[in-house]
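Here's the structure we're looking at; comments come further down.
For reference, chains read A, B, C and D in written order, and residue numbers begin at 1 within each chain.
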């Protein structure tokens, strides 16, 4: 019979619908192997302080898969390799406390850690793996910009919420012949804007991967008006950038040039549209609405599969890997490999092409 | 057998979930009496231009009750009693075109008008009634501030959308020990903030009817922190005002004093909370999300009942009235009477009291 | 200063969305008055066994208002006035244990009970009140058939779920030119069928208050077909009955005549429609789907208002009453009075009339 | 410049959420290439009768992606290779009308057909391709049992609806210590039961791919009871079968042995559970609820991508293929190849393993 393991799980970074489902699956899969399982609050730093460690039981996780947030909290006290600590003089210094984390991990007799997090957290997981910690990663990013996996949990929920919001804006934009500019998440990757914009029947989608020319956007809106569609929905990723950077620029501290958009990109785009076309334009920032609350069924299932797969990876001793979806299967990908890839929308991919086929303007 | 009537319907002002259901019910109830029914686009002004008048048939309205927006549009070309018209010199003048509206109404041989709108539109309806137009009103206000009726359609949907948004914000606010300030609709009346705040388990609700002291709000947040609840949800109506007006004031053009809150009340409140407590605070404005999209089941039914009741009122010749809910019945209220009442949240009513019983702070 | 009270709450009968919200409001309103509050499992019988009594704290009820079910369970071990008990011979006898309940209530030093339940539970509450127990009732019925209150919690959720189901059935019925017969709850009162049928654009609604003639139903379906609408949605309350009882009858034990409908009324109606019109008909019973799960925003708020009002009633010493909605206010109604009224759909009320105006057939 | 094409689209078989989105994307992608596009009602047979062919325009498809059903109807008048036709004597004969379909297709000068359907419809498409019709397939199956594609549209919606139903049943099952047996779609493949059962926190999942032993199911329920969980949710695919067939057998007409389950498998399972364990068990058949209504965001996007890809396939002249998802890309798969694969749940796949890890019983 296999050894009775003692494992722990932490979650790092922002909220993502599905976190509780990962915790439920890790707990249940461990419990059904007669293992012990503990939750660590406050990210890796929680391993420095046993007050932050709580036993996880079937009772504690029963039914939490459908609930938003995380029962562990995502407050992250920092990167143990560069932990901010007050010195004797009361000044804040950055110290490498990773050895103390390792020591504590062993002292508490943990056999493995499931690290749930974005590329930052998994980078740290990889460094701990190098120090000998048996760690399995579970990728987490709302924006869907992590490599090695077709998709991560929370993304489907974010797209659904954004699409529902766009649906609601249609009727009011239409009633008032108005241009509604909706800003969705996506600093480096435009997946949420792309998918919700197409699903939500947007007229224009602006994403970081396709720098936009505001004149092309205005052309589209005026063309629409000539065809009797006086209102419009513009979906813009928070990281969308104007082509050539000609609109608002400022010398940055490093001597480089930098776009400075006051009040967010949506407000900027709405302002430019009004200035150039005279159309009544309004902006709306969905913000945190996209990352909280109940996961969709898709995200629940994906998160449960990720969590269970992480426990099986531990059982098989496959550490320094992360679980990943390569549809329809869950596979293990070496962290070193996954961390080298950043996923972005492919401007020549079929989803963007679908948008173009539907007549959506990408501002290029 | 009763006369074969020929009626029309217009809708005025902003979007409200349920408008299509009113149109469906009016159309079907008229159709089933073998009446003719027409929809008028562009509010009352549509009566000046037959291009804006379309026949309504069972086919056109089949299934629209569950769809947001309105098939008639809410673009309102103005009040016929003070219509902006260009004179010979190209200047815009306000002219009273109400007689031409009356003339056209008769010329088209309409027997009655169903006017769906807020107090502005119903005020106009009442004036036309005085001129002899057989008109029945259907009250419409998202904010629920109209008199004579327990509730109007669109309000339940707005409260539901706001509550769902607040639900989603809980998990992310909690994950990050953050104060989220959510601004909802309600310029003069705080019903949406009150109902969604209570339903959504808010910590603080700020409404126009109860001027707030920002210090009381901060006291509440710090008390919560002492009891281990580090995050908070603050729901604020767009028309909420600080007590005494001491926070941000500016001499207005009329010599009076006026609160000037840049960026909206939510941003102001979030800023003050951060300044006074050091807590990480963010603001979010729900805006148009609250007034678009599919109506809730409650609003569908109420709208259908309103529409059918309006047709029965025409049948009975009870003009210059509006339909109203006096639970559980739909009744008719004279427009003159309904227009004199403005409904506001009663600070001593049982709903506010429920909030206080639950421990919610109203800033007073 | 007022006395520090010690109160308890029980819930009886079936599940109803909003039960947890009532419990949350009672707990918080008591807690904010520095009272102690306890939850009793297993209905009144829980008072016979201290194992069934648990302290309720703000932590335990935080956020439960939006969650379905009840943290207390609704398992009801029976009516203490006729409790089934095994005697020495192992036979089940019914005994009156109400005095023991009273005794225990006093011994535990409770000052008041909040009894949440349907007419059965509130009848018992009223009998205990007569024995001197300070009790306040909170009415609960999915079917909306309780007197003294415009509406009870859970009903809006049930109507919403049924309407959403009907919405979904439209597209598939239409695609296949099929008659879908949907059975919804309502043994004595047809409110759920009526409201969901109108909101869901049904063709036929059959309720207990309007005995139906299957021929009238078939006439309607064939008329529709002549007008090009080949599919149909029939919503039937579980307690709907054929007119005259001519369809399926059987001599009952009491010598009376009784309808016996095998497989439920929906299956019966679907069968008759197929037999008489040759149309492809299917039946679907929504059953328990209607009474579980998250409450709508409307039900959350109503439940919270009911719970808080019950605590205020205790504070004011107004026992032997139940809280009730008389829109827009929550009021107190003597239990004796409320228990004498059974609410049923009024066939001449405006909601049925709305259905008729829309062209819906009621089978009469 | 490329030729101005004239294409048509038909849809076959049952309803599936996403059909309208496919139609919208095909229409818009064709329109934006200046092509003409027509919709064919009544499946392939519509090509025999020009009354069944309607022009599709941007106005007709605007916003339909989010609406359930199909604007073309799915009434299928049959397989043109074996069309039921009345002969002179009034008897129904099956005739091969495929040549007439081909002739009409050419006479109407269509350049290509987009055939949306399940394996039956795509089999016919493949046969027409062999006769020289330029056809591109779009796979459609709620059950997700079609080969060549990771997933088809409608499946995510069906799983979501089933999961939401299961969520609602939890609270009422729990309140009454009851076993709820829910029957979901899946005659040959258990994907809906598997995914909704895991997402919905079921205790038992029974699928066609894993024959079940009712004793194992009862063991699980009694084990749960010993651990304090008295209620249970059993999700059963309509095609689930008992192991060995020992439970209910009957000599069939062909002399073979056949399971005969009256009232559906859910009712059978519920009955057996009650008989063997004495637990209160109820069954519920979700039926048509799963295949109607609005598609999820996931299904909207997938359907739009499928539709647009079908038009691109026509542009590239890649006929006798179907569009397929090979995540994250849409690809083209030869129909001949796709039609040979039937997809079923892999009992050793990671999703079933996730279920086992969570403690779910599969009855084996």
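The rule is simple: contacts are C-beta pairs under 8 Å (C-beta built on N, C-alpha and C of every residue); 3 or more make two chains touch, one makes a residue touch a chain.
Quantities reported herein were computed from a predicted structural model and do not represent experimental measurements.
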item	value
Partner chains shared by chain A and chain B (touch criterion as defined above)	none
Label of the chain whose CA centroid is most distant from the centroid of chain B	D
Computed distance of Cα centres, chain C from chain B, in Å	32
Gap in Å, rounded to a whole number, between the CA centres of chain C and chain A	42
Junction residues of chain B - those touching two or more other chains	164, 167, 170
Contact graph of the chains (line, ring, star, complete, other)	ring
Those chain pairs that satisfy the touch definition	A-B, A-D, B-C, C-D
Complex interface listing, chain A residues touching chain B	14-15, 67-70, 73-75, 161, 164-165, 167-177, 180, 282, 284-285, 287-289, 291-293
Residue ranges of chain C touching chain B (in the complex, touch as defined)	24-25, 28-29, 31-32, 58, 62-63, 65-66, 150-151, 156, 159-160, 163-164, 167, 170, 195-196, 198-199, 201, 296-298, 300-301, 304-305, 308-309, 311-312, 325-330, 349-351, 353-354, 356-359
